[in-house]
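Please find the structures below.
Same chain, two partners: chain A is paired with chain B first, then with chain C.
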Partner chain A sequence: MALLAPYSKIPELNTATILLVENEEKVQSKLADAIVQREKDVNVNVRLACKLPLPVENSETRPRVDLVVFIVNLLSERSLQVVENSLNHLRSDFFLGKVCFMVTDARCGALAQERLLSVKKLAASHRCPVICAEHQTEDGISMAASRLLTVLKVSAGLSPVATTALYLSTLTRCTVPSELDED
Partner chain B sequence: MNEEARAILQRVLRRLPSRKTQSTLRAWGCLSAQQLEDLDYTQPKWLLLENLISKCEESRLHLKDVTKLDMVYHIENPNQGTWHAFKLTEAEDEALSVDFTQFKEMFVAHLEEVVQHVSIRIKKLEDGAVWIRIAWGDNFTKPNHLKPTYAVHYLQTPYVFILNLAAKHKPFVYQALVLSTRHVSINEAHLTGRSLTAMRDLLMKQYQQVFPNQERTLKERNAPPSHPNIDKEHAEFAERTHQMACEAFGDGTVPKLETAVYKLETRYRGSNNNTLSDRDELFRGVVRFSSPNLLESLRHCVSTGMAEGPVTPLLSSITQKGRNYFVIAEKVPGATSQTPAHKT
Partner chain C sequence: MANVSNLPGLASDASRELLESSSSGLNSRSLRVAENVRKKGETNQFQLALSYLSNVQEGTVVRGNDELERNLVVVETVALCHGLPPDAISLLLDLALSLRAGGVTCLRILKFLIPASVVPQEAIVRCVSWLCVGKMTINAQVLFLRWVLTVFDLIDCKDQLRSIYGFIFSFVTEENLCPFICHLLYLLTMKEHVQPYRVRKLMDIQAKMGRQPFLMQLLAVYKVFRPELVTLSVPSRMRTGFKNYNSTWKAALSAVQKKNRPEVMADLNLSVELKGKSTSRKRKLHHLEVPGLNSAFGTNSERKVFRLQELRSFTQLLQNIHNIELPAQMGSLLGSSLALHYLDCVQDESAFLRLNFWLGHSLQEEFLLCPEDGGSDSLSEASAFLSTILSSQQFLQEGFFSTESFLYKFLSVWDGSLLRSQILDLLSHIPLMSSHYIRMLVFEPLIQLYFTSNVFFKCSVIECLNSMLLKWLTWHSVNPLMECLDLSVNSSTVTMTLSGFIDTVTELVSFVGRLATEGLRLENCHILLLNHTLNFYETVCDMLVKYGLPLVVMPPAGVFYPALLATDSLTVDRLGYIMYRYRKNLTLAKKQEQQNEQAFHISRTTYQDFNKQLVAMVSCLWNSKSFLPGTNNEIDEHLLIQSKVPKYWSRFDLVHHPAFFKYAIEFHQKCWPERTCVDLASIKVGRYWSWYMEFLFCQGFDGLNDFIQVNTGQGSSSSSS
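Moving on, here comes the complex of A and B:
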C-alpha cells in the first residue's frame, strides 16, 4: 500500500497544490472553483478526491501535495468513517502542518454535535486544525476558500511571515477542552 | 338526476382542484360550451355543485353520463389509489389480432354472463390504453357506482393494471380478461404502486436503459472540471460506479416507483446473538424501502459511492424483473425459490 508522501516530489516554482477529500462530493467542487478564482498571485492546483488512497495511475501526473483537507459533513456518519479510514493512507510527515479538517453542517441538530466532537478529538490526536465552514451560501464558500488559501500558502512555504509549517501547526491545531479528555 | 348521481358528482367535484374543474368538465363533453361558460368556477364548491346539478338537469343527464365524468377524472388523475399489476400468460395464436371492438364486446359479454348486475364502461385512449370501469352489484342490488373497479390494459401487451378490486370480484375479472384477450391464464406481477405511468414504464421498459457495452452517454456526462487547475483524482472510478448504477436502475428520468418490499423468510445470521441464531424456526421480517422516487434514490446511492458496488441482484431485479414485492426464502437444496437467498 503506497502512502501519500509530502516530500517525494520537487516543488514547482510559485505553485501550491491542495487536495480536497470529500466522500459525497457536494462541497468540494464549489470550493475548488472558489479557490482557483480567488487566488491571483500564486498558481494553485486543486485535486479532488472522494477518499484516500488515491489511484496509482495518477501518481505520475500529480504534483507535490502541500495541503490535504478532509471535508466532513456532520449530517453523514459515513463521511466521518471515510475520513478516519483515509488518515491511514498519509505518511506521518503530513501531520506536521499539512493536514486540516473542514466540517460542514455543524449547526444542524444534536447528532451533528456528537460528530463534531469526534472530529475535534480526531484532529487533536493528529495535531491538526479544524475549520468550520458554511457551504450553503456563496459567502460561506468564499470565506472557507480564503481560510484554506491562508493555510495552504504557509504549508507550501509561500508565506514570508509564518515561515515553517511546524510553527503554524502549533498555533492553529485543535485542542479539545480538558474535561472531555477524561471521559 | 337521482341521489347516486348527485353523490358521484359531488365526490368528483370535491377532489378536483378549482383550476382544473373547467378543463375536466370540458373533457367530459356532456355540457354545451354555453353551459360551461355560464358556470362560475371561482364560487365555493357547494355552490358550484348546485349550479352544476341544475345544468345537468337542464340537459337531462343521467347516472350513466355522470359515471362518464368519474371516468374522465380517473383518466386525468391516474395517481389516485393503489394500482396492482397483472400479467397475462400463454397467449393463444389469435391474441395478436384482437382489436378494440372485439375486445370490448367479448369483455362485456363474458362479464355480464357471470354477474347479473354490472355496469361496464370501456374507452380507448389515444396512447392505446384501454380503460375499463366496472361498477358491481349482486343478485339483488343495483351496481354501486361509488366503488367502481378500474382496469387499464394495453392491447397486444400482456399487462393489465387494476385499481380497487375486491377479492370476491377477482375471479370474474380474471376470467373476462383472459377470455377476451385470448390468453390462458393471468398472474399477479408483484408490482404495486400509486403511479400508473411509472408502473407501465417499468414493465414495458419505457425508460432509458443502459447496457454493459454502451459507454458513450456516460462519457459525455462526466464533464471535465471547470478550470484547468482543478483535477479529479477519482474521475475514472466515478465514471465506473455511475455506469454501474445506470445499468442497474436506468439512465435519465426513471419510473417514479415509491416502494419496494422484501419479505424475509430466512434464518437469522449473525454472530453476536446466540438466542436468535441457534433457532430452527425462520426469522421472519419485512424490509420496506420507500422514497418519493425509489429508483432515483437507489441510483444516487450507488453512483455517489454511498452504497458499495456491485449492486446486489435483489435491488437490480426491481428493474430487471419489473417487481417491487419479493419473498426471500431460505435456499433449500432441491427446492426452487423465486428469488435467490441473499447473505449479508
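Moving on, here comes the complex of A and C:
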C-alpha cells in the first residue's frame, strides 16, 4: 500500500494544502470553510478525508499535502482508533513537523480527560502538537482555523521568515504531562 | 377591553395614556383572577392528595393501589413544576423514610422531592432518626443523603442538625454511606464538634479505607479547628474531595428555583450583595453564579451571633467582628465587599477552606466537566463569574488555591480564545511556586498555545507574564524577611527561601526571553509584540532598585537587536531607558557587594553581557561603528559588501538610523534652509552634533537622553531630571 509522502510532488506556487482527517465528519467541513475564508494572501486547498489511506484513483491529481490534521472527537472511542490506524499510512518524513492533532470536546467530563491523555501520549511519541478546539462556537472554530493556518504556513514554506516546519515543531510539540502527585 | 384604548386619534395623548393604563390594570386584574381560580383548583387537588398521603398507614398495599398511585402523580407533577412547600416536604419525607408505603415508593418520593423555598430542619432531624432505625435499604439511605446534600443550602437553619452531630457521625463507619456522611459533616462541623475520639475514629477508618479524598477533606477541616488533635499532614493542594452528588435533582431544582426566585429572594434580599442581575435573567438557572448570602442559623437561634447579611456598613462590621457568623454557602462571600473585608481581617482558615472547596467545585463542574452547550448566554455568565472571582482576588490581594489548580487543568484543554482575557488575568494572579512546578504546570501548556497562535495572543501572553512578575515582585518587596519568605497563600502555607524565589523568577524571565526571541522571529519583529516584550524588560531591569531583589537578567540578543535596529523611534528610546536602568541596578549591586558580604552575588557573566550590549549600543548609535570587525555585532565583511550599502558602519547611528532619519532631515532643514541637497553627514560635525542631540531630546526621547547622558557624559540637562 502506498504511503502518503510529503515530498513526492512539486509544490505549486503560493499554495498550501491541508488535509483534515476526521472519522465522524462533524467538525471537518465547518473548519474547512473557516480556513478558506480566513486566508486571503495565499491559496489554501483544504482536503477532507475520514481516514487514511487515501483512495488510489485520484492520487495522481492530488496536490502535495503540506499538513495533515487528525481531528479526534474525545467523546467517541472509535475516533481515536481510526486516527491510530491512519498514522501508519503516512511516510515518516511527515512527522518532521507536518502532522498535527486537533481534539474536540476536551472539556466534557472525566472520560474525555482520559482519552485526551492518550491522544497526548500518541502525539508526543510522534513529536506532533495537539490543539484543543471549541467546535461548538463560532469563535472557537475561527480560533482553531487561525491556529491551523499558522502551522500550515510554516509547514508549506510560506512563512516570510526562514522558519522550517521541523523548527516550529520543536517549539509546539506536545509533551506528556508527567504524573503530578497532587493535581 | 383592549379595544377601548385603541380608538385612533380621538382622545388626547394624556387621556389615552390614562385609558391605557386603566385598561391594562383591569386586564391584568382579570387575568390574575382567572389565574387564581385555576391555581385554586390545582391547589385543592394537591391538598387532597397530600392529606391522603399523610393518612397512609403502615402495611398499605402498594402494588395495584390506584388511589395511592393517582395521588402520588398529582404531588409529583406539582413538585416538578412548582416545587413543594415546607410542610409538604416534611410530610412526604416522613412518609418515605418510615417506609409506610414500601421501599419502592420511598425511592420514588425522594426523587421528586423538590423544595419550592426552604426545607424545615425538623424534617431532616426526624429523618435522621428514621435512618437510625435502620430499616431502609442502603440504596434508599444513600439517595436520602444525596438529597440532603443537594438541598443543604435550603435548610432553613442548622442549629438542631448540629446538635445531633454525634448521631450523624456514627454513620461514618458504614462503608457505603461514608463519603456522603463525610460531606455532610464537612458542612456541619463547628469547633466544638472536633473531639479526640472522633479524630481517632476517622483515623481508624482511614487506615482501613486508605487516603480517601472525602476523609481527607473532613480531616482537613478538623485540623483547621483543632490543629493539635490532627497530626496528619494535609497536602496543600488537595484534589476536590467530594464528587458531585446532586445530579439527580439539579436540573429540576434549578428550574423550580428559577421560577420561584422573585418570591424566595424577596425576604432574603440584602444590601451588600451584587445579586440583582440574576433575578431578571430569563434563561434557566445556571449553577454558575454567586449565591446569595444566607445564614446557617435561623433567627430563633439562641446563639448570639451577627449574621453577615445583616451587615450594612463598615462600622457595623467593626463593632461585631468578634461574633460574626459565616453564611451557609461560602460562595456568597465573593459577592460582598464587606464580607471580603471580614475574610481578610479574620483570616479564618476554615472559611478559606470552605470557600475554596465551593469555588473549586463550581469551576471544575462548569469548565472541565461541562455539558455540551456553547450558548453565548452561558458564556457571558461564565465570564461574569470569573470576573467576580478576579475582583475578589484583587481585593484580597491573593489568589484562591482552588482557582489556581483549576487554571492548571484548564490550560491543558484551552483553545486559546475561550474567555481569554479572564483566564489570562487569573493566570497572572497565581502565587509563587517552585521553578519545577511552574515549568510543568504553566509554561509547558502555554508554550504550545503561544507558538500556534497569532501575534495578538502572543502579546497578551507576554502581558500576562509581565503582570505575574510584577505581582511576585511586589509581594517580595512588602515581605522584608529576606532569609525565609513566608508565603501564606490562603490556608496552604508555602515556605520558600529567597534562593527558591530567585530561581522561580529566573525561570520566568528566561521563559519570556525564549518566547519573545522566537516569537519576534516568527512574527517578523511585529512592533506590538516588541513593545510588549520591552514592557516586560522594563520590569526586569529594575528588580534590584525598585523591589530589592538581588537579581539582574539581561535581555537575550533576540530581543536586544530587534529593538536596537527597529524602525520606530519609540522602541529605540525605550531600549535606551531599559539599558539606563540596567546600569543603575548593576551599579547598586556592585556597591552593595563592596559594602557588605551579601549572600547573593550578581554573576560576572551578567556584567559582561551588559557591557557587551552597552558597547554595541553606544558604538552603533553614537560612534557609527556598527558591524565592524572586533565589535560584538560583527557581520562578515563580504556579506556587507555584497549588500552594496555605502558606509554600512554608520547606517545605524543617531543620524542615519531609520528610526531617527526623519528627525535628522527635519534638523537639517532647520539648520540649512537654503541647501537643496541633503548632506546628513554634516550634522555630525562640531557643534551641530550637540545641537542635534538637544533637538532630539526636545522631541521627548527621555530614555535615550538618560542613556546617553550616563554613558557618554553628554546630553541635554534641560529635559533630564
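Following the convention adopted for this analysis, the second predicted complex is superposed on the first by the 176 of 183 C-alpha atoms of A that agree within 3 Å, B and C clash if a C-alpha of one lies under 4 Å from a C-alpha of the other, contacts with A are read in each partner's own complex, and residues count from 1 in each chain.
In this text, contacts are C-beta pairs under 8 Å (C-beta built on N, C-alpha and C of every residue); 3 or more make two chains touch, one makes a residue touch a chain.
Note that the structure is predicted; figures quoted are calculated from it, not measured.
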Could you check whether chain B and chain C clash or fit when both are placed on chain A? fit
Tell me which partner A:133 touches in the superposition: chain B (first), chain C (second), both or neither. second
First, second, both or neither for A:116, with chain B first and chain C second: second
Given the superposition on chain A, which partner contacts more residues in chain A: chain B or chain C? C
So, A:86: does it touch chain B (first), chain C (second), both, or neither? neither
Tell me the contact category for A:155 with respect to chain B and chain C: first, second, both or neither. neither
Just to be sure I read the superposition right, which of the two partners does A:36 touch: chain B = first, chain C = second, or both, or neither? first
Of the two partner chains, chain B (first) and chain C (second), which one does A:108 touch, if any: first, second, both, or neither? second
Look at the superposition and give the distance in whole angstrom between the closest pair of CA atoms, one from chain B and one from chain C. 5
List of chain C residues in touch with chain A within their complex: 235-239, 367-374, 376, 379, 405, 408-409, 412-418, 440-441, 444, 447-448, 451-454, 518, 521-522, 524
Residues of chain B touching chain A in their complex? 225-227, 229-234, 236-238, 304-306
Which of the residues in chain A come into contact with chain B in the complex? 19, 23-25, 29, 32-33, 36-37, 43-51, 54-55, 57-58, 61-62, 78
Which part of chain A faces chain C closely enough to touch in the complex? 105-110, 113, 116, 129-134, 136-137, 139-140, 142-144, 146-147, 150-151, 154, 159-161, 163, 168, 171-175, 177-178, 180-183
